[in-house]
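Would you mind keeping the following structure in view while I ask a few things?
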Amino acid sequence: MKMKTLASLITIALLSPLAHADGEKIAVFTKNLTNPLFAEIRAGADNAAKQMNATTQHYVPTKPDSIPEQMSAIEDVVVKKPDAIVFIPVDSKAMVAGVNKINAANIPVVNINDRAAGGKFVSFVGVNDYDLGLETARFLLKNLGGKGNVVIIEGVKGASTNQDRIRGFKKALEENPNVKLLASQTGNYQRNQALSVMENLMQSFPQIDGVLAANDAMATGVIEALAAANRKALVIGVNGTGIDEIKQGKLLATGDYKGFQQGCLGTMAAIRHLRKLPVPAELMFPPNLITQANVQSFLVPKDKMVCPKWEDVVKK
Amino acid sequence: MNSTPPLLELRDISKQFPGVKALDHVSFAVHSGEVHMLVGENGAGKSSLMKVLCGAYRADEGEFFHRGEKVEIRSPADARALGIAVIFQEFSLVPYLSIAQNIFLGREFPGRFPGTIDHARMHREAKQLLDQLGLDIPTRTLVHELGVAQQQMVEIAKALSQNARILVMDEPTAALSDRETERLFAMIRQLQSDGVAIVYISHRMAEVFAMGDRITVLRDGKKVASLLPGEATPDELVHLMVGRSVDRSYARNFCQSEGELILEVKDLSSVNGVKGINLTVRSGEIVGLSGLVGAGRSEVARAIFGADRVTGGEILLHARAHRGNPDKAVAAGIALVPESRKAEGLALIRSVCDNLMLPGLSLAFPSRIYHAARARQIAGALIDRLRISTPSSQRPVRLLSGGNQQKVVIGKWLGSGSRLFIIDEPTRGIDVGAKAEIFALIDQLVSQGAGVLMISSELSEIVQVCDRSYVMRDGRIAGHLSREQLSEENILKMGVHHE
Amino acid sequence: MSENSIATPPGTTSTFSAELRRVPGVAWILGLLVLVFALASRDFLSAPNLLNIGLQSVILLILALPMTMIIMTEGVDISMGAVLTLASVVLAWVLAHDGSLPLALAAALVTGLAFGVGNGMLVALLKMPPFVVTLGTMGVAQGLALLATDGQSIVVSNDSLQAVYAGSFMGIPQTLLIGAVVYALSHWLLYQTRFGTYVFALGGNPDALGLAGIRANYYLIAVYAFGGLMAGLAALILTSRMSSGHPTAAIGMEFDAIAAVVVGGTSFEHGNGWLFGTLLGVLAVGALRNGLNLLTVASSVQVSCIGLLVIVALLIDGFKGKK
Amino acid sequence: MNDAIASGRLMARLVDLKTIGYRLAAALAICLVLAAASDVFLTTNNLLNVLRQASLLFLLASGLTLVILTAGLDLSVGANIGMSACIAASVIKLTGSAMLGAATGVGVGLAIGLLNGVLVALMRMPPFIATYGMLWVVHGVTYWFMAGTTIYGFPAAFRALGSGYFLGLPIPVYLMFVFLALGSFFAQRTTYGQEIYAIGANREAARLSGVPIAKRLILVYAVSGAMAGLASLVFLARMNSAEGDIGEAFTLPAIAAALIGGTSLFGGVGTVSGTLVGALILTLVLNGMNLLTIDASWQPLVTGVIVLLAVFFDALTRKGGDGRQ
């Protein structure tokens, strides 16, 4: 008896947030709870949904980047049948089977951020990682005067974002034959691993002029390592999360990954699709850099950010 | 005596372990229908001989003959093929298997498919065996739910199930009550008349002379004598075992005056089923706590010590109320020598010194700073005082013999400032010489003003050693016997059900 | 009678009422979870959703069943997730190189078996502590998976592979069938065969086996080998589910399996194990994750809930068994 | 003269060369190989790097060693680092006080450890499972607290804890030696240590000898938690940033360090100094792989093989076993 009362109490407590739901329900899949990029994307999605009078539900694996968990979450969501899904695969290839399940359930899905290797999508919203890597690397090499020694800190080997960014880095290096690539090692997109790798690289190479990190977390790890060893090098990263470091002049530049906007426009695309409004098959942001020169405009705290108008972005 | 060749004969068996010659050219024979007693001090080689017999050890030298024919015993399977079955002192039972599964462990009846078991037949046959032993327990009962005596009976059923022609028993009565012992003896006589040969290891002189057809004495891995029961008195036998005369009567000066009250227990009950316990222990006396196995004696000890949760009643130590965990008990001056020295008494991988120091650490090192040198010094003094035979105080205690281990378990309390010693089965599995030493030690404790509450299954010990004794039955105190009333008959009368 | 008498464990003493008396904490929790989720979400008790819970639980179940036996021998195998992952990579690799599905499955099973036998031999023959042995082999398996794939997924487009997870046989989803077969097999092994009897003995009293003339080591190796083999089998389902092999796909899953086993009432001591409890434990984890997803509970809360499930289940058992 | 001998003997006992001799030799052998293979290995900077990287692992593993000595395990240390670091970081950000932040970090670690201790000692849960459950609870709370953000940029005074130098040595290295001395002293030279070994060797015998089991177990889990809290501060100071899951990567290496260092999971055997050598061996190998620019994919494999080798070697040298197999 007591148990039943308790159960219904819990039920009411759990149901209450759903009671106010109106408009379209959008399920948003991100990779993990720890990377700030995905926090930005989720914030963007929430903001867009609010603007358009829809609601979001977030699905994040409890173990970071867990394929089986994201797969289970898809299966669970398919039962609940949200109106649309905004989807970042934890692994671009392994999650194709999951996308197929969404397709089979006839739920429209917008792919953002990391492009899935297969499946049918209403649209893809993201940044071309190759272009972004290339532009950021070019900026660094220009600042080095087209010569000197550099190292690359790679992200997770299997990730397509990493592969494309590294391809971009290497293309830029090809354009600058006087710049010597000393080493390219992985920091698995993690700050502490990048820090250790950098410490060790500094032992092997007495002169490092520039560091190309495949994301900002690793770039900040590199900056810490440099500071601790009292050495100087120009560092670039990608993702646009290292704003403070740029402001402080420690990070030369970061490729703007526009996480918040990805969340915004991915969600808007999904809602527009539901409302039978036109949506392009692909919505790519241009490869912009955040540098000392334009950093001021990026200093808005996450909870104050507001999604751009769809028309403003898509017109371009 | 017997003109036919012996059922099994061992000639010149030797077994060497690093540093020890466990068996040194031992010859031994057992005839069909004979109970052959094997006696000797701990470490004399009885267990090694038994393990050679059942194939657990391989002899380095020597020959085996079965009905006069030369055979090999290299593995338990060889031994089993010869009809040898062993009842071990430390049980070879699996707690979460049923009685039937335990009885037939390793000899399961094949079922319809390869690798499967014919459960129906197994339980049927197990039931028959239990009936034979007069044991009325479902064969599907898991062994961990049984009491020690019942487990011993399962162990015996296990041996019987092998249709053994040669049955080896290692102190089978150690955990049995007198009534159960009687039943076991009746069964042994039955087996004997069926022509089964029985090798019986025992420390109890009464059993040796009552049951034995022949007695073989081992000492230091050698056979020192093989004789008939009529050829020696118990004292002579003990002399053969220890190689010197030992006074078996443990004579002591019984407590004359009434000492100060150390422990008073009022209406104590605990989660382990003891109820309404009232008892007292005074300074300078050894108080017995006797009764059948399973009557709740150890449970009373554990309740007083705080090892089991007390559910009611009062414990007064020096007239002050006491209640709490073992650490509180130790701080209040209670010492417990538990029933099982390996499971509860010793940290086997740690050194003699570490074990001896453990309860008294905070007394020896009040600042909590531990000095290894000082600990070695204290332990060394204890080792000398208790005559513990060990090359060094740093030796892991698992390498000591049973008697010496028991001395460590008692000895560790000498530095803890205890005034009340609760000693549970002080002489289980140890030899005659060590027994005398341990009783001398207990006597020394009480003469220095401590009080001792002693639990023993050997009634003769209670009668010889205690100033008075409580007798337990079914978790309650059934009665009290003063020094004058104390006799084995009186204990039995009180301890046994009146049906 | 006295409070402390330990309730009769099931299996060997298999009257139904005896089993009921031993209802462990996990069963109450599973019941409560089902009740709450059923009240809170219309979808929870729907057939497709129950099917989801079943499907999602199968891989964990296939790991947890042999894990139950391993834990009963007072051992543990923390390499299972990594071995599963490696076997999945091997399976995908064979398929990607035009191997047939039976060949690929055989390769995965052999991979799992090899690690299982290796674990078993190190544990049994060298008397090395199981946790350490399998911590080492976990690194080896994980490393091999990473090296073999260079950190990337191996994508497989093989219809027969996809049919394993999604397909059904006589109206029953194949994945569930595989799970049921593995459960039946494990149950048969543990309760009907000599092997099972010796598993109880390995944890309860290994000396008894030696004295009975049984080569305990063979059976100890066999227990770990069974674990490895099942990891290889689970790889079939995992790979089919993802249509690809990924070098970190199931890393850490062994801890979930161990938790499910212990929550299900199997103890690390004395060979006291219960296979049905493991099934309940796995289902409780599955129902919890699924239900929280259906209620769209915040992910951070979900993370804590899984830990709470484990702790609360043990607390209930602890209070019930308190002396 | 006598004093010198006595202090020498004291040192010998503290470091317990007999237990760790082989392992020290193995560590030296790895050093020789690396020195031959890489010309930068023997540079001062690199050796300091190794020490600094090892120090973090050691701080975590030293507390864990005490837990393992009682035949327990603490799987929650990694999650503990994450939570301690994040809360300490936000306190520093809020108050600007490094001291307050540091105290909070250790305090949070201690609290998690205490909770583990209560579950294991008072609720009698198997340590493996209790701390695994705690791992998830702690992670969940941390994720909720952080909401996917990163906290970074701490005062220089605080960051010195991770990246500062004193007399040419990194500050974490001093911490490592301080806690080596403290840990060894606690384990070998206090009656608490003796009792902890006794609990690991035979818990029931220790209980019936009057050792307050629950108090001692809570103590070791609390110490392990507090050490995780301390390690989180060093890590935080070195990274200059805090994220929710920064600690998870340390759990298994910390356990491995203790095991490589000769601590037995069966309890009652092991030393804190052995754990230091274990941490050094692990760090040396990873450092060597980085110096020789070996692909990071090899790391789990190599770590696994080292663990196996260490225990294999123990199994071979242990002749006769410890009596419990």
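Note that the chains take the letters A, B, C and D in the order they are written out, and that residue 1 is the start of every chain.
The rule we apply is simple: a contact is a pair of C-beta atoms (placed from the backbone, for glycine too) under 8 Å apart; a residue touches a chain by one contact, two chains touch by 3 or more.
This one's a predicted model, so the numbers in the text were calculated from it and none came from an experiment.
A.B. asks: Check every other chain and keep only those touching both subunit A and subunit B; list them.
C.D. replies: Where subunit A and subunit B share a partner, that partner set is C, D.
A.B. asks: Could you give the separation in Å between the centres of subunit B and subunit C, each centre being the mean of its C-alpha atoms?
C.D. replies: Comparing mean C-alpha positions, subunit C is 42 Å from subunit B.
A.B. asks: Using the average of all C-alpha atoms in each chain as its centre, how far is it in Å between subunit A and subunit C?
C.D. replies: It comes to 34 Å between the two C-alpha centres.
A.B. asks: Just give me the whole-number Å value for how far the CA centre of subunit A lies from that of subunit D.
C.D. replies: 34
A.B. asks: Multi-chain contacts in subunit A: which residues touch at least two other chains?
C.D. replies: 33, 62, 157
A.B. asks: Spell out, as numbers or ranges, the residues of subunit D touching 2 or more other chains.
C.D. replies: 136, 139-140, 143, 147, 295, 297
A.B. asks: Name the touching chain pairs, would you?
C.D. replies: Final set of chain pairs in contact is A-C, A-D, B-C, B-D, C-D.
A.B. asks: Which of the residues in subunit D come into contact with subunit A in the complex?
C.D. replies: That would be residues 38, 40, 43, 45-46, 49, 53, 136, 139-140, 143, 146-150, 152-153, 163, 235, 238-241, 243-246, 249, 286-287, 290-291, 293, 295-297 of subunit D.
A.B. asks: Subunit C touches which residues of subunit D in the complex?
C.D. replies: 73, 75, 119, 123-126, 128-130, 132-144, 147, 252, 255-256, 259, 264-266, 295, 297-308, 311-312, 314-316, 321, 325
A.B. asks: Can you list the residues on subunit B that touch subunit C in the complex?
C.D. replies: Touching subunit C from subunit B are residues 54-56, 75-77, 80, 86, 88, 91-98, 101-102, 105-108, 111, 115-117, 119, 138, 140-142, 144-145, 271-273, 308-309.
A.B. asks: Please give the residue numbers of subunit A that touch subunit D in the complex, ascending.
C.D. replies: Subunit A residues touching subunit D: 32-36, 38-39, 42, 62, 64, 157, 183, 185-186, 188, 190-193, 195-197, 199-204, 217, 220-221, 224, 227-229, 241, 244, 302.
A.B. asks: Mind pulling up the subunit B residues that touch subunit D in the complex?
C.D. replies: For this pair, the touching residues of subunit B are 305, 307, 325-327, 329-331, 336, 338, 343-350, 354, 357-359, 361-362, 365, 368-372, 396, 398, 412, 416.
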